[in-house]
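Okay, so chain A shows up in both of these, paired with chain B first and chain C after.
Our next item is the complex of A and B:
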């Protein structure tokens, strides 16, 4: 299984924990990753809000490079994944738009045909590697720990364009958590938004939206929250201290992990190889417990 | 107006008409599933996708284009997912943002930073040294992550993006 790896802005510039844990764990599961040359931003959310053509140009540009490379295309970010899937959908439906985009791409010697297969990390792990393979490789099963599953909006909606998981009852991340020997259970806020895309317009509202969910997760007795999305992670982990301040809730302390960080710990990798020193939420207690 | 400008404006208008075509008071029965699913409606008084769709259906776009509300959607897509009539407030809001930007109305200044970043490096943001939990700074190379290679010919790339993305009066 070989994939073209697309990092995207947030991952390559600051969310190193996701990238490091993906690069570390995937080869152990038989997944080979090939880096891109000449990649750029996918256009979401910067360009989709101000220039639809610019957005589709940027997404199609990366897809065109991926087409040349030939592998299935694996973006690490939920936002990028949706951006690529949406662009493919709209360019397929509108030949005029596809032609317009290709006239821009030609200037760099690129051409978009729309034949690359875009896959989500959850699909690679759940549908292609599989829970059985993951369970079979465990060195340190995460027994006795309960994690809240947060797949993130852009992984599951809109269901008429992408089919990563069920839009109202997503299960794949839950199954993957269980494959590590940990527990998970449904909670009412599971498919709720992290609010990160509102940060550009209203920082305060963003913190409130993310904080409500963190408080709920804590109240249900979860030991931590798990996601694969860098935007959501950045909100729940990186902004958790700001959320505590905004909500005036000093007791709010929810350890937040990328799924691949937990996977890496369960596979026996050292925490620093998984970028766990970068998590800003209080993860030390759980990491020590798993490493014992 | 340059040819590519004309094509873009035509394209945005076409998208809006597609998104709202056949949409009127009879199609949108104002059931409110979009608003009840909306995370922003809970927090910001007056943000209401159901009312937005009502206004667009009546052709009252101007007020929406000039207001702040269209910029406060989180793009969670629940409204699009749950609408029984296949109306997508999410798509309508993003098209309205495009129109407001081209018309030179106010928009959050962060979007200028995004576009600037893309033009400078190919990405919204370049690799940073990030703070670890113990306060120490960590770079990509500290973690053994490969160097990020953006567009090979940045000048050419920048020219293409410049040719496509044009704000209204503000820039």
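Our next item is the complex of A and C:
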């Protein structure tokens, strides 16, 4: 299994832990990663409000490079994944738009055909590697720990286009948590938004949305929260201190992990190899418990 | 005169059989399950009069079994049909009961002693039955049957407890499937419907949350002959449900998942079930989430008005987007937009009832092929002309009634059954 790895801007600018843990753990599971040459911004769907063509051009540019490289295309961010999937959807439906994009790509000697397969980290781990393989590789099963699963909305919505998991009842991240020997169960707020999309418009609302979910997660007795989206991670991990302030809840302390960080611990990697020292939520106690 | 074949032993088939038999015609009533009665036998009350459903149906069922002109073939299915109006040759396959029908007295000792527990489909899975069982207390014929797929003797060659305890020596493990050849003048198709399975509508959590029930499951739960004796103990933890929410149009009037047609009955049965809850406990909180109230039948609007004003049932106009469950309390939250006010808000409930639609029976396909009839795109039988010949089919001498050709309520099914019986009798006389 060989994939073209696309990191995306959030991972490269502030979420180093995700990159580190992916690079450590994936080869152990037989997944080979090839870095993308000349990658640019995914286009970020929000750009479509300024220039739809600009969005599709940036997105298709990466897709064209991935097509040339030949492997399936693995973006690490939910937002990038959606941007690519949406662009493929629109260019397939509108040949004129596709031609226009290709005339722009020609200047760089690139050509977008729409043949590349975009895959999500959840699909690679759940559908291709499989829970069995993961369970078989465990060195430190995470027994006795309960983690809340947060797949993130861009992995499952819009439901007509994004097909990573069931939009109303996503299960893959839950299954992957269980594959590590940990427990998880359904909770009402599981598919609620992390709030990050509102950050520019209303910082306070953003913190309230994220905080409500963290408080709920704590109330159900989970030991921590797991996600595969760098944007959601940024909200729950990087902004947890701000959330505590905004909610005036000093007792709020939910350890937040990328899935691959937790996977790495269970596979026996050292925490620092997984970038866990960079997590800003209180993960240290839990990491120590796992490492014992 | 040649006999008439009635396929399906629900209320429509029973009505057609009785009408024909009372006219002096011999009738073969073919039913797939071990007892006639159909879905109506499972219902708690009928609407809008709130009469006990089985109390209305059971006398008709017994009349069928006692009528000298009616022969009931249970656990039987029509396999082949040849010929035409006035002269149909029909092959019926009768599955073995493994119990001698003429010897069994229906005492039930065999089920008491049988060691094997199986999901009770008649109780909609809310209770267990045994591998040898009588389908329900009012079953006609009141005869035990062995479920060979689960019976220890048929699966592993051991046990035989039922044959040891049967006081009348009725157990017969050697029974074979039987082919019955019938020659009939005309055929009435009354195959009924099955309930839509709402599992695919993940947003409502059916299958994930134990206290999200379908309407048929609720009918059994609220019924005195149901698994809790009619007490609304919710399945997850047995807590008495005092806040119940009904979600209408589940699987119907939808273009994304489910079916585009109207279920025709869920506005009214939700109202009936809501009133039942209020009759059990007037202090309980009942909310019905609806899109439109289609209550056009006789006395229906007055029934809804009474549910609101007299019983205090609350109707909320909005199609809920999601049902969620608190993992600690197991209580459910329904998220919805109240389209009268535009507010997006939520309501808590102990139990949610999904008002599911009626869909075509899967066996319709095989039967339609045997008969040479056409099905519509949803698998229901097609009438010759929905306006002018609603109970005739493309094949002279074959008539349809009840839910075999689309969702409808009990009065309409019964009226159609009488119509189909009249048409079938006419054919029988013409070819005398």
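What we mean here is this: the second predicted complex is superposed on the first by the 290 of 292 C-alpha atoms of A that agree within 3 Å, B and C clash if a C-alpha of one lies under 4 Å from a C-alpha of the other, contacts with A are read in each partner's own complex, and residues count from 1 in each chain.
Everything below uses one rule, namely that a residue touches a chain if its C-beta (ideal position, glycine included) is under 8 Å from a C-beta of that chain, and two chains touch if they have at least 3 such contacts.
Worth saying up front: this structure is predicted, and the values here are computed from it rather than measured.
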item	value
First (chain B), second (chain C), both or neither touched by A:286	neither
First (chain B), second (chain C), both or neither touched by A:169	second
Chain B or chain C, by number of chain A residues touched	B
Touching partner for A:220 - first (chain B), second (chain C), both, neither	second
Touching partner for A:125 - first (chain B), second (chain C), both, neither	neither
Touching partner for A:185 - first (chain B), second (chain C), both, neither	second
Footprint overlap on chain A, where chain B in one structure and chain C in the other make contact	167-168
Chain B residues within the chain A interface of the complex	7-8, 11-12, 15, 39-40, 42-44, 68, 71-78, 80-81, 88, 90, 94-95, 97-98, 101, 107-108, 110-111, 114-115, 117-118, 122-128, 130-134, 136, 138, 140, 143-146, 148-153, 156-157, 159-161, 163-167
Complex contact set, residues of chain A against chain C	166-169, 185-189, 219-221
Complex interface listing, chain C residues touching chain A	201-203, 205, 208, 322, 324-328, 333
Chain A to chain B touching residues, read off their complex	7, 9-10, 12-14, 16, 19-20, 23, 35-41, 45-54, 57-58, 97, 100, 104, 107-108, 153-154, 157-159, 167-168, 191-193, 195-202, 205, 208-209, 275, 277-280, 283-284
